[in-house]
Structure formats: C-alpha cells, structure tokens
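For reference, the structure I am asking about is given below.
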Amino acid sequence: MSTRSIGQEFVKGLWDENPVFRQLLGLCPTLAVTGWVINGLAMGLATSFVLIFSSLVVSSIKKFIPSQVRIASYIVIIATFVTIADRCMAAFFPLISKNLGPYIPLIVVNCIILGRQEAFSSRNSVGRSFIDALGMSSGFVLALLILSSIREVLGVGTFLGLQVMGTWFKPWIIMILPPGAFLTLGILLGIALHIERKTKARK
Amino acid sequence: MKVKTFPHGVHPPEFKESTEEKAIHSMPPPDKVTIPLLQHFGSPAESLVQKGDEVYLSQKIGEGQTLFSASVHSSVSGKVLSVDMFSHPAGYPVPAVTIKNDGQDRISTEREEAKDPFSLSPEKIRQKVKEAGVVGLGGAAFPTAVKLSPPNDKPIDTIIINGCECEPLLTSDYRLMLEASDEILKGAELARIATGAERIIIGIEDNKKKAFEIFQEKIRDYPGEAVLLKTKYPEGAEKNLIYALLRREVPRGGLPFDVGIVVQNVGTAKAIWDAVHDGKPLYERVITVSGQSIKDPNNLLVRIGTSFESVIEFCGGLSEDANILVMGGPMMGIAQWSLDIPVIKGTSGILAWPAPPPRLEYSCIHCGRCIEHCPMVLVPTRLAKYVKYNNLTEAENWGILDCVECGCCQYICPSNIPLVHWIRLGKDKIISLKRKKNP
Amino acid sequence: MTDKIIILQSSPHFKDKDSVPKIMYAVIISLAPAIFTSLYFFRFKALVLLLSCVAACLTTEALFLFLRRKPLHSLLDGSAIITGLLLAMTLPPSLSPELAVIGAVVAMAIGKQVFGGLGNNIFNPALVGRAFLQTAFPVAMTTWIPSVMTKVDILTYATPLGNLKFENAVAQGTLTSLKDLFFGNTGGCLGETSALALILGGLFLLFRRVIDWRIPLGIFLSLTIFTGIFWLANPEKYTSPLFHILAGGFLIGAFFMATDMVTSPITPLGAWVYALGIGLIVGLIRFFGGFPEGVMYSILFMNTFVPLLNRYTRPRILGGRRKG
Amino acid sequence: MDILWPVFTMGALSLLFSLGLVFAYKKLKVYEDPKIEQISEFLPQANCGACGYAGCRAFAEAVVKGEAATSGCPVGGEEVTQYIADALGVTAEKVIKKIAWLHCRGTHEAAKNRGSYLGISTCHASHLIGGNKQCSFGCLHFGDCVRACPFDALYMGEEGLPVVKEDKCTACGKCVDACPRNLFELHPASQEIIVFCQSQDRGASSRKMCKNACIACGICSRACPEAIVIENNLAKILDYKKIEPDKIPEIEKCPTNSIGRIHKDKNEG
Amino acid sequence: MELVAIFVSAILINNFVLYYFLGICPFLGVSKKISSALSMGLAVTFVMTITAVVSWAINHWILIPHKLDYLQIVSFILVIASLVQLVEMFIRKMSPPLYQALGIYLPLITTNCSIMFLALLAALRNYSLAEAVAFGVGSGLGFTLAIILMAGIREQLDLADVPEPLKGAGIALIVAGIMALAFMGFIGMIK
C-alpha cells in the first residue's frame, strides 16, 4: 500500500515518476504524434481518458480477477475504453482522428496504462487509483506538450497552427519527421536526467 | 637470399652500432653479490645457507622445490652476510642471499665434468641441466630442464635455436654467437639428444649476417640448418619464430611442445653445454650495457648478483641526463628506479637513456594500426577498452590471455594509449580472479 | 640515480613518431587541392562557407570540452577542423552561411560530442551534419548554382546526377561531359566538383598510409560492378561506371568520408564488407531511389553496421581455437 | 440478434485461447520455491557479491537450498539474518559487526616516491610495475578501494590515504579485494588497536622509505608479549582480546606510530 | 513483385522502429547486448508472423462477414496477448537462460505496439493472406535489424565516454535518430 499523501500521489506523476521522462514508458505515441501540438494534445487527452477510466474499473473489480488472467483481463478492459475513445474521436473530431490514424487504437498497448494497472490500481483503493491515474495522465500530457511544442515551433514555425516565428526563420523540416522526433526526445531525456542529478546532488 | 618472417610486427630503430663490434668483456666479480632466490618463472627456491656460512663459487645455495623452479648457485666464494628480503628487478621484494666476496673464487668440489657428453642419456642430461639451475636466458627465465622434458605423448622433431635478438640496443646474443658458436652448437646438440628431436634449426635475423655465415658453415657437422630471418620485432618471440621458420601455429594457451618443437635461446644453449660438459652451474651471463646515457657501452660477462651500480660503474658510469633505466630490452624490459638491483639470470641488458618528455594521450581513433601490427593477431585497442570499462569476460573472449606483451601495439599507437599496461592489468585481474575461484 | 627524476612506466619504452594530430593534419593537407578548386570555381561563396563551418565546429567542440571539464588540447588535434572542412565541402555553394552553421553545430554536437568526443562517435560527424541539413532544408540544399567558369547566366542549375535522374539525360544526350566532371567545371557541392583534386588528395592519403586502401578500392569495385552490369545490359538507359565514379560526391565520399578511421571498421575483413556495402547502396540509390545522390546515406547506413562488423570480423588469433 | 454475434464471437475466442493457455500452463510449468522470491526481495539488492554469490538473487537461491549460511549477507547485518532465518524457520547465526581498516600510514609526506610514474592511474596498474612508492608494501594512493566501495564508505583523505567512514562500512570486503597490496582487513568493530604497516623490509630500509613504517623495534611486543609478536620485521597482533587496556598507553609509545588506537586521530580532531 | 515490395519496404523504408516509432520500449530495453537483442528480434518476428496469419483469419472469416469490424481492437489484442503468453511459457520451459536474458520484456511483447499495429494495418490495407504474411515477416525482420544494429552500437558505446546524463536511453534515442536519418536514403526506392 502506498504511504504517500493524496497530493504527493498526484504530483509524483508530473516529475518524480513522469511516465515519459523518468520511466521511459509510452514512448511510441510520444514520438509518433508529436509533430503537431494539436495531435499531441489530442493523443494525451485520449490516453488520459482511457487511463483514468480503466484505473477506476480495475481498482473496483480487482478482487474478482484471478491473478493468472489478470493481464488479459486488464487488456480487455482497456481495449473496450480505447474502442470507445476511437469511435468518439472519429465521430466528433474526424480530422484529428484521421491524422492520428492507427495510433489511437494503439493506446490499448500503451505501456503506461497497463503498467499503472499492474503496479498501482490492482493494489490500491478506487480513490487513490483515480488520483494516481490523474497525475500520470497529466505527466503524460505535459511531456507530449513539451515535445510537440518544440517540434512544431522548430519544424514549421507555428504553435497550434499560429505563426510564432518571424519570417526570417527557415523551418527545420527534419523536426516533424522521424529523425527529429528521436533526436529531440533523446536530448530532452538527457536534460531531464541532468536536472534530476543536480537536484539530487543538492539534497 | 630469401628471408623468412611472420606476419605483422614492427620495426623500431635498432641502435645496435654502439656495442655490436665490442667483444665480450669479463667483468671482475664485485665485493658483494646479492643473489635472489627467485630468478625464474615459477616459485622461489628454498635457501640452503644461513647467515655466516662460508660458500664456494658455484655452490648450490638455493634448492628448487617444485617442478617450475630452478636451483640457485653462488657466483663468488666468501661469507654469507644475510638471507633476507631484497628488491627484485620486477619491482617487489623476494628472499635473497647476500655474499661477501673473498676474491679467491674457490671452486666447489661438487663440480663434475663429463668426458663424453654426447653419449649421455637424455635423463642424465636433463638432470645435469636441472642441477646447474639453467633457465631460459632470453628474458622469461623458464626453467630449461622443464623445457627439455616433453610429455611422452608429444614427440619433438625440431630444436629451434633462437638467435634473433630482435630487441633494439641489445647485442649480447650476437656477440655470443660470434665468440662461442661451437659451444652453442654443442649445447643445441645436447638439447636435441635430450628431447629426441631430429634436427636443429638456428634462426638468425638478417642484420646479423656475420653470425649467420659462421653458423651456416659450422652447422654442417650437425643434423640441421641455419635460417636467415627478416629483421623485425618480435621475430624472436617463441610463437612467431616457430611460425616464421616452420609455418606451424602453437595452439592458443599451448606450448611449443604441442607442435613438436623446443625453442632455446643461444645463451641457454651455451649454458646447457657448460652445465653438462663442465658441470658449471649458471652463475654468470653475458649482458649488454648500452643506451645514450651509458658512457662506455659494452658487452659484459657478469656474475649473477652483481648490482646494477657496479656494472654501470664498470662501464664508465651514468651521464647526468639519464632518467630511464631499463633491465632487458627497450620493448619488453622493466623500468628500474634504483641502482641497488642485482643482475639476475634473466637480465639480458642494462640500458639507460634520457627519456623524451611524455606525450599527450588522445582517445582511440580506431586507426587499426595496433591490429595491423599485433604479432598474435589480437585487437589490442578493444582489449584495453574492455579492461578500462571493467568488462573482463569480454576481454577474455577477445583473447587477452594470448597477449605476449611484446609492445608492438603501444609502439605504433598514434594516440599514445598505454595499451600494454592496460592489457597487463586485465590479465592480472583475470588470473587472480581465476585463482580465487579454484585455488 | 635516486635523486633524479626517474621515469616509471610499463614496457615498451620506445615509441613510434606518428601521432593523432599528425594524422589529422595530413588529412587537412590532402584536402587542400579540393579546397583550392572550390575557391577557384565558387570564389567568395566557398570561402564564407568554409570559414563559417570550421569556426562553428571549433566553437562547438570548445564549448563541449569546457562543459565536460575535459583537457582543451583535444581542440587542437585537428579533428574539428576536418569535420568543418568536410561538411562545408558537401554543401551547395548557394547555401546561406547561417544554415551551414546550424549544420556544423549539429555535426559536432550530435554527431560527435554526445558520444564522448573524438574516437567515440559511431557516425561520421560531417555526414550527420550534412544529412541533418538535407532533411531540414531540402529546398535550400538542392538549389545549385553554376561555377564562375560556366558562362551561363541562370540562377538554378542541375548537378550532373540530378540531370541524369530527373532530366533523363542519357536519352536526351545532355549528359555532362567526362572532361568537365574530371576538372570540376560543373554544378554541385563545393568540394565534389573536381575529380582531379580529390584523386590527388586521396592518393596523398594512401601514400601517407593514413587511410585504409581497402575502403576506397572496395567502394570503387562494388560501384563499378553494379553500374557496369546495368550499363552493359542497357546502355540506352544507364550511364557508364566511369560517369558514376566521377560524378557527385562519390570520390569525396570514398576517399575522405568512408575512410574516416573512427567510423570505419578496424578489421581488414570488416573494411571489405563495409566498402562493398557502401558501393552497392550508392548504386541502388542512384538507380532506384528518390534522391539523385546516395553517397551520404550509404556511408551513414554502413556506419550503423560498423560495430557489428568489428565484432564479427575480428581476425583469427595466432594459434586458432583456444586450448582447453 | 445484433448483440448476440459479438458476444458469441468474443466468448468463443476467449474460450479458445484460455483453453490453450490452461493447457500450456499445465504442460510447461516451471517450479520455483516461493521463498527465493520472498528472501530475495528483502535483501539489500546492492548485488555487491560480498556473500560470494553472483548477486542477491543467487544468494537467495543458495540460502533456500541450504548452501549458504543465513548470516551469509554481511551487508544486511542482523536484520537480514533474522529475516532469512524466520523465512526458513531456523535459528539465526550470530553476526559480529566488522569494519574494514587500512593497514598503512604512508601518507604523501611520509612515504617517498620511486620516481615519476607514467601509467594508468590505478593502484593495481602501478603495483604491476612495482608501484610508484618506494615501499613495496604500502598504499599507492590511487584509490582503487574508493572506487570499489559500493556504499560510499571510503574517500581519499587529504594526506593521500583512503579514509573509512565507520558508520557506512558494511564489511562487504570489496576494498579488501580491490587493494593490490592487501592493505585492508576486516576487524570486529570493538577492536581498537591495529598495526598500521605491512612492510616486511628490514627496519633500517623501511625507515628510509617511509617515516611511518614499522621498524620492528619491539616496544609493543614487550608491552604485551602474549598478544603482540614481531614476525618478518613487522609487529603482528596475535590475539586482540589479550591486550589489556592498561597496556595501551605503552603500546602507543611506538616511535613511528605504526601501531595504535584506530580512533586516536578522530578524537584529536 | 508486390510481395517483394511489401517485404523490402517493411524492412528498410517503413521500418517499424525508425519510421513508425513502434516497439520503442523493447528497442531501448533489450538492445544492450547483441545476443539478447537477436533473441528478442526473432521472438518478435515469430509472434508477428503468427499474428499476421491469425489476425487475418479472424478478420476475414469472423469479423468482416459479420460486420463486426469495431471488435478489431479487442479481438486482436486478445489474440496477441494469448500468443505472447504461449511463447513466453514455451521459452521458459525450453531455454531458461534465454528467459533470464529477455526478462520482463517478454510480457512486454504483448504491449509491443508494433504487433498490434501490424494486425491493424494489415486489416486497414486489406492485404491478402500472402501479403499479410510478407508484411509480418518483413516488419519482424525490420525490427530485428534495427534492434541488432542498435545493440551493436550500444555495446561499442559501453566502451565510450558518453556524457553521464545521456547514458542509456538518451544516447540510444539519438543514435536511433541518426539511424532514421540514414534509413531515409531508401525513400522512393519502392513506391
């Protein structure tokens, strides 16, 4: 059982246990959809939706699931919510849904979600799981936002479609292509680790 | 004339001019000798004398206990001053016997001469060699009696006499070949009889043409031949020499026995003859004293146990600029820090020169030159890196234990990485780990 | 003796004279002919690009060395200058210097320093910079101008290979002449136009034994065989191997980029595999790929194989399998 | 009808695959003692190897099999020993808290150098070519032990010698293995007096090389003849327990400070 | 020809790791040693091939005839999860050292998005059975190629002075970025 306070339970997802920067989870969508801020945001929200709801369900029925088939059961639960999210996106935001393509169904295999069910929701109360899922989601959305902002601003000179760089700026097209994604995330991870080590050393 | 050689290797400047024309000079025995009881590859000999004992020249003062051990003999006659720990050229203290020379050179009565040594049985030859404490005089000081006793399942067909002397600066073997060619050949013949081999091959580098011509002439009386080899370092390394002469490869981790060969240095061959014919134990050897900082470079016959200080003194002393003192050759010799070190059986030379200022070390740029020049065909840069980053398992997989520390890689490395030092470190770590696992 | 400074070191006590800076400066000297021809053909534009790339490389290297508290002497080993020169020589002359500086910073930072500096990088730094620029600014990187010797008054111009690929030059008969390719009177990157200058530099490096002869030879062989087969099969559609060797960045790649010691295999067999692979992929990209030129990509691609090649082509140790 | 099809499909699929899994589970099961997992989780997870096994998990396996003693983990101390003993249902063996101490006082100032050492900056590398210090037995000052310590219990002091932080030392023995000259030894935490020298050179020559070397004068052994002897030109504590507390001042009269109380330095400053 | 195009394109051009960013977790996690990278790659290839067949069968024989394509996600993930578990049990029984080496990453094949993506993409592009298999094997080999290259590079980087904060995932991602750049040379080779 976790011994943290509710507040800590939420905050840890933002930095200490940030799924992307600290735990290296969910990197596939992080890299794939962050060429544009709007896509990153949509992906983050969709993932949050699935994470929060499946955490709620898993933590409330955890007693009824036999341990041998727990992973399979979690996946079925997650898959159900992903299907809902996928259908909703297609219905209400057809353009974004088209942009994200098969990456929305892939939320089902996002390690963050399954990881949280296995590591947290299956061992904690409904309320705690909800807060934890909320924190993790925020952390994930935050990471996606940072990455997609960098890539969109450098790659096309816009932010959420608005021109932010002057006309002198020649966009670095590489940033919205696969290599740019890898390089940016690699450097960001390095910076994150550097900050972490600095703060630790100060303690 | 076609010369034989092996692949890879380097060719450092030779600097042999200063001593190659100087005949071997006998150095008078010093006032005091310090004879370490460990002068060979293996475990130390057990002391047979005590403080205050009177000893004769060539009297046995240390008895080899195990198979890989050799007896030690007094190189002067006189009184034992102490039996104590003393600095060894390898840098650590070992038990040693210090004897005050009475100047008489009274010879021990134990010495027995053999009238007709060639008719002796192999067993007898080996026993006499062991009794005389003969070890390999090339530098590694492997007990010769062991080398002359091949296991029964490994028939020996060839004795190789190593007259390469590929180390720069050294000329002691060359002079010995010129001045004692008969003894060398007779010693080789004894070794041939002892091992049951069919022939003798003498390998000589082509910068020693004079010696080659002598041997080509004289070897006609024996079953064998003299072969000219390319002047290249390390032509005299056992495994490379065998490959160069016979194109046989000693298996990794194996010995020349495995391919039916025994290799003896020219000095060792002479020592075998002396031991069997005269019953003379190994108490003196020829060394080269040379280098820029030695005032009067020379080839000397020196008693074992003479301190470096007296040897250098005899050669006119050390000039002011000397700051590196090496026992052995410049490629594989051991740097010394003090002159208070005795000459031992493995000392082939005493060299001193002003070392150039240290050069900057760069990181490895993967130029591959160390691989191109490694005579064992290893990948020295990788080995050094594995040791540096503490991955000993991989280092072993890449063959670190096959390294002979010849120094070619470090000689050629443009980045000045102490490759040999790293590899030695790795080998030592691996061996001590192994020893710990199965003591 | 004991009162003097005594050197304690492990054997060997002799040392060959060659050193890393000497090797690096030999490479710089070998680049001189190509630098002069580029200055001759592109004048001021070439000068600005060369200077800005070298300056940016040196600054980036210095910054990293400072931040990582490493000795600054490695700044002067010449490797950063080489990266700057090589990068500049693979840029189109019309490129604006700011973009070249971005490329140089990327080359040094991401291509070299993040791996730990000289000797540790996996990819050729200059090519990383070049590939970054190519992908980031595809339009600027494929806009060519004629050399000052060409008396054509147009703003854009096709490289010989671009001409070959997109204009169907073989059928049209508008292929650049081999003579122009040889002396360098064509459009193209700064340093790749004159085959003569590059061959001179390459021969110097071979003579000085700085580069492994297997690599240029292997690349030549494999490209010649590959393009030769197609040429013999259908000379109407494909050009001769000689054209492919002289055109584009092939020579600079084969002599100066692929042979970079740090990023090429250390074993002889590995070098052969690596070189043959590069030649083959160059041919594949030139014939079937979307780009007119593929030297840069093929070298980078084969760079990724180098660690594996180093591992699996290590030479057989004297004595063969270990006993026991 | 519409709703039945999906339910049926998914049901059938699930059934099929669960049957497959159940079958595989039965056929391909690998048994493992749950105690291994339980013990392994409680171990310090430093994977230091002080127990002699390849990491904490390997130790746990060995303990469960009965190959290793319950007190085999020197790092974990009594707590872990108790836990393992409880888990296995046996009585715990007693562990004595030990601390590693350096047996050398060859500081920068006291021990002379042989020359200028050009080589790899580790003790082991230096030792291979005889060492950079004149004394062939003493500390080489490159700090192999500090790098080897997994618990940050060692640091290089200003005098050039490694210093042990007693509260952090777990007696894992890493420094003992790392020192090429075997200068570290584990002593019970209660032991107050040790010999700070390992030089077997004769007194006269060792004195020349290092001011703080034991010169085998015998003052200490005369104070406590049954506990301290001189062997190989070196004082040696045979049995610490036999040293009577009132003899300590006499032992501390050592002219080179090469035997004495461990905590003397600490108390003074 | 079509099959070859699908196959080659899946290996080199639209490489799952370097182009679609799929399977990044195992790509970073299991690429520290060449031997385990190879087994991981082969395990993924194996699972991918089977998945391609089974998901094609489910899609074409069950889901499409009954217009249940909205059940794709759930049914595919079910298939994959069970398959992976079978493979895991199999390896554990057959080769414990291999099981130790792959450690926790074997279960992660389940959540390896590349396999799910493969099933979905094959369904989306309406591949025939043969095409689906070619796509599955090609993608698996593409993943294997990428992870082995990465493992080779990382083994060499173990002997390099990489800045401390970049060690591990950071430098691996940067290498992946440059690899992606290098693989871009093949663009346009197959339309």
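Labels for the chains are A, B, C, D and E, by order of writing; each one numbers its residues from 1.
Note that contacts are C-beta pairs under 8 Å (C-beta built on N, C-alpha and C of every residue); 3 or more make two chains touch, one makes a residue touch a chain.
In this text the structure is predicted, and so the values were computed from the model without any measurement.
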Third chains touching both chain C and chain B: D, E
Chain hops separating chain E from chain A, counting only touching neighbours: 1
Chain-contact steps, minimal, separating chain B from chain A: 2
Among all chain pairs, the one with the most C-beta contacts: B-C
Euclidean distance of C-alpha centroids - chain A vs chain D, Å: 44
Intercentroid distance (Cα basis), chain D paired with chain C, Å: 52
Chain B and chain E, separation of their C-alpha mean positions in angstrom: 59
Interface hub residues of chain C, defined as touching at least two other chains: 5-10, 110, 114, 116-117, 119-120, 132, 135, 310
Overlap residues in chain B, where contacts from two or more other chains coincide: 334-335, 337-338, 363, 382, 418, 421, 424
Sequence positions of chain A contacting 2 or more other chains: 174, 177, 179, 183, 190
Chain B-facing residues of chain E, complex: 158-159, 161
Contacting residues of chain C [partner chain D, same complex]: 5-10
Chain D contact footprint on chain B (complex, rising order): 84-85, 87, 90-93, 334-335, 337-338, 358, 418, 421-422, 424-425, 428-429
Contacting residues of chain C [partner chain E, same complex]: 68, 110-111, 113-117, 119-120, 122-123, 128, 131-132, 135, 281, 284-285, 288-291, 294, 296-298, 300-301, 303-308, 310-311
Touch list for chain E against partner chain A, complex: 18-25, 28, 70-74, 77-78, 81-82, 85, 107-108, 110-113, 115-117, 120-121, 124, 163-166, 169-174, 176-178, 180-181, 184
